[in-house]
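What follows is one structure encoded as structure tokens, with my remarks underneath.
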Amino acid sequence: MYRETDIIQTIPGTDEMVINVGPQHPSTHGVLHLVITIDGETVKKVEPHLGYIHRSIEKMCESLSYRQFIYTTSRMDYLSAHINNHACALAVEQAMGIEVPLRAQYIRVVMDELTRIASHCLWWGSVAMDCGAVTPFFLAFREREMINTIMEETCGARLTMNYMVPGGVMFDLHPNFQRDAKAFLAHFRSKIDEYDELVTGNIIFQNRLKGTGFISKADAISYGCTGPTARGSGVSCDVRKWYPYEVYQQVQFDEILETAGDSYARYLVRLAELRQSMSIIEQLIDNIPTGDFQAKTKAVLKPPKGEFYSRVETARGELGVYIVSEGGTTPYRIKFRSPGFSNLSALDHMVRGQKLGDLVAVMGTLDLVIPDIDR
Amino acid sequence: MSFETLANWVHNWLYETLHPTVALLVEFAIVGVLIIGLFAVLGLVLVMMERKVSSWMQLRLGPNRIGPWGWFQTVADTLKLIVKEGMTPNNVDKLLFNMAPMLVIVVSMVIMAPIMFAKGIQIWDINIGVLFVAAVSSLSIIGVLMAGWASNNKYSLLGAMRSGAQIVSYELSAGLSILVIVVLTGSLKMSDIVMAQADGWWLFKGHVPAIIAFVIFIIAATAETNRAPFDLAEAESELTAGFHTEYSGMKFALFFLAEYVNIFVVCAIGATLFLGGWMPFHIGNWEGFNHVMDYIPSSVWFFGKTFLLIFVIMWFRWTFPRLRIDQLLSLEWKYLLPISMFNILLVTIIALAGWHF
Amino acid sequence: MTREELKQLLTERFPDNAVDDAGQFLQIQVPASQWGSFALFLRDTAELQFDFLFCLTCVDWLKHLTMVYHLRSTDYRHELVVKCQLDREQPVIATAAHTWRTAEFHEREVYELFGVQFEGHPDLRRLILPDEWEGWPLRKDYEDPVNMIKL
Amino acid sequence: MGAGSLIALAIAALAFAGIALSISKLVLKASTNKQKGEPYECGVPTKGASRIQFNVGYYLFALIFLIFDVELVFLYPWAVVVKNVGWVALVEILIFFFILFLGLLYAHKKGALEWK
Amino acid sequence: MTLKQYFSNIFTGVKSLATGMKVTGGYFLRHHKEKITEQYPDNRDTLVLAERFRGEVIMTHDDNNEHACTGCTACELACPNGTIKIITKFDLTPEGKKKKALDTFIYHLELCTMCNLCVEACPTSAITMAPTFEHSVFDRSQLIKKLNKPGSKIREGVE
């Protein structure tokens, strides 16, 4: 599998040039540090250096109780904070055998999908900005802001909500939630076509993305890509479809698959997912059953000895939470299988032999969130 | 009293009272001061306009703290840039590093010479006006290359090299689309070109070739001034700031100013060639309408047209993504250049057959 | 392939290795020395085709380290957890980076946080920590000299 | 005003730039330290030289440009006199462009217009 | 590439660019109606924050300067970051018995992540989250707050 040529040594005196992109760079979306070797404009090799925002959340969680550790995961992939918290709550519930009330399940799924829309909106803006168009970023933030306001109303925070708790959700929905969410959906339906007009259909944008950052289906699997990155290459890997959790089994939605495997395919997958998420929310929003929003749980959670793995589909792919419990009040070991980490490992493979401008566009379509990679 | 009479009056008065050489020097000084004033005002106004256009397209308010509606924001920025330290990093080629912004600013100022700002207001009605503009404008690339090479920075070098490939390419189609008007007019002189449009602008009476040439000229002008979607030399998301990464303080401000003045210049040329310069807008035999139009001062017409084109170029910038370097060159060599070559043939036929109005 | 079939196949092929069916996933214990060939077997056997390594981690049990590999077949959708016990003083195991390329980054992470040496890894360098960092932070006996909360 | 105006403009530009730079020199209090002079590379020390030989891809375009730009200069005098010369001018330019276009096609076929 | 493709490329390209320009141009004209930014320090009077917004932990006091905190340290235990430090004292009840009571409720705002776990854990609803967000100060030590007001005491009947 491994080719000799994969490790290229820069030879002094040749045309090759080593450039540091990041940690302080406009297009790395955080503090990612890429050491790239270029020959003229052609990228020969990309070498990520991580750790600029590593907080060792896994180690921290070992000293936090099962209720406490969930909040730390909001700080991993801060754009899908809800979904990260959800994964942790699922893992604890699985370990404890807690039955989540149906109302809480509905609320969780609606929140997850709202988070996904917010995250994809931000991605849409930033991928356009990576390609050089600044205006879409502001339009995307308009929609994202509406979601954040809805979140703030119900969860009490805009970004790091800590809304999911083992056994359900922390508060009941705000009385205005359904009205606001529906208003948002109506607004977003009218605006998403504008996204297509402004960016998707744009010939410059299409030319920038088509045929760049190609990754084949087999490579995508081998590199452990998940989420829209893998689905752009035709890998069917939607956790919501294959390993349904909460009420995903009862809602109708399509797993978006594109087979081209290039940046444009990944772009299309994410854009189509926005519409799918909208339809999921529309199906659920009017049918949220009455009842408890939180199951009765003990004050101190002590899962039995064993290993528990839960997974959810975040906006970037499959997030796995692997808990090793020794029967105590704190986890013995926690591993977060973050989607961004695996997706990033494929970056080098994707951009070899492409232009410097492509590197930025490919990074945009991978939708990297650095705290998610560094954890 | 028109500007022309005023200028003549000053001219005569100077020559009557002073020794001819001194009078000439005084005249130069007056022109220099006027142009510097124009230069500074243009920079301030254009930067402000860019900010307002971008913010309005992005549903923001834009600068609104300093002065009414934030109109003095750019003045404050200029003050800030003056107070900032102009850094010279280690290992730079000091001579080239300091010369580059000077060269860029000299080029963008010299290029103003043949522009007709209003009826009778022109620094030098050079008889090869258009050729002069085409020739001098390509000098600014040397400044960019100097800046990129001297900076001892990889981003700068990459940006400068990109800019080199880009500007030389787009010069061709810009030149060819200018030629369309030269063929129609039969003169390289700016005043002749404007006068030829007294009965209608070339854009309207030049048939299809003039429209094609106009579109190509706008594209090429955007590319030559390194504006998005052709801003590969700066390419913020790829090269952070491209060729002026290492520049700060006033030296950066000079690059910045030169960029905006260049935009003004190319748009002024576009307005002169295609939109009739200072000529008012006339419609056929509508005497009353034409009469009203004539009352609007010629300088207003000229600046109005120029700023319209500037707005279009800003509109491009805030709408389109950036091209990739190979796409940029294939656009020029595979689309714009062949089309403008055919366009020249087309216009020759039209001019010779006398089909234009 | 169902879980039962998978279990049967593995117990038949590897009678020495303990297969555990109690947890969420089917588990198999493999000696660290066999891991390299076992990984290839899992990926290349036509009826197994474990082509997707979705989680790779290590657990410090104070007496020994355990490598945990979560595997899935994207075609058959069956899953398997492989565990390898490593000596805590001299943790060495064959790399999986040639079998599943995602393992390259994950192994680098495990290398610097647990100190496991991966034999045959194409580029075993530190990924997250600075080069001069001492100790293996995720091991249980690692004591961080600077503790924010106690500060 | 004649050619002298160009010199006047150039001097005005230099004066403008010079005055602006010297004002900023006067106003500012510069401080130096070791890190300040480092070239900007996203906050990481630079590896290798910054001024190196560069990929030839750019220069091919520069060469083609040179040829075409010279042709373009020839076109200016032609363009001025087209109307006076009459239809002969069209024939001449057809021949001229035919040769030029052949050159462009040749460069295209050779792949010189592809970015490498 | 045939000639027809060549021209259709140009046509579709220009058309797609024009559609994009239509969108931004439309916004340029309608910007005053659709602006999305808020003028933050100017809109302090009209700024409405969600009632659940978590900005900082406060202890509610009633008109008699009484709070509901028994000093049970449930919040201190629930806090993942060691944000809360409770110092207790022993009060004498009217019957003459010693009773544990709150002395000082120290709250480290600079360590708080607003996770709401302390509020959830509080058995007497003594603390709650306040929708304030302008916390910036020049000295970090100013962020260490004492939540119970001076002279306050526990409300009658709260156990």
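List of remarks:
Read from first to last, the chains carry the letters A, B, C, D and E; within each, the first residue is number 1.
Here, a residue touches a chain if its C-beta (ideal position, glycine included) is under 8 Å from a C-beta of that chain, and two chains touch if they have at least 3 such contacts.
Note that the structure is a prediction, hence the values are computed from the model and not measured.
Considering the contact criterion stated above, the chains in touch with chain B and with chain E alike are A.
Path length between chain A and chain B in the chain contact graph, taken as the least number of steps between touching chains: 1.
Of all chain pairs in this entry, the one linked by the most C-beta contacts is B-D.
The greatest centre-to-centre distance from chain C, using averaged C-alpha positions, is reached by B. Nearest to the global CA centroid, when each chain is reduced to the mean of its CA atoms, is chain A.
The mean-CA centres of chain A and chain C are about 24 angstrom from one another, to the nearest whole unit. Put simply, the C-alpha centre of chain D and that of chain E have 56 angstrom between them. Chain B and chain C have Cα centroids lying 63 Å from one another. Counting only residues that touch two or more partner chains, chain E has 17, 20, 23-24, 27, 36.
For chain A, residues touching at least two other chains, in rising order: 17, 19, 25, 41, 135, 138, 142, 198-199, 202, 204, 355. Of all residues in chain A, only 10, 12, 14-15, 17-25, 33, 35, 39-42, 355 touch chain D in the complex they form. Taken together, the chain E residues at the contact with chain A in this complex read 12-13, 16-17, 19-20, 22-24, 27, 36, 49-50, 52-54, 78-80, 113-117, 120-121, 129. Chain D meets chain A in the complex at residues 41-44, 46-48, 52-58, 115. Within the complex, the chain D residues that touch chain B are 1-17, 20-21, 23-25, 27-28, 30, 36-42, 46, 50-51, 54, 58, 61-62, 64-65, 68-69, 72, 75-76, 79-84, 86-87, 89-90, 93-94, 97, 100-101, 104, 107-108, 113-115.
Residue ranges of chain A in contact with chain B, taken from their complex: 17, 19, 25-27, 41, 128-135, 137-139, 142, 198-199, 202, 204-205, 207-208, 355-360.
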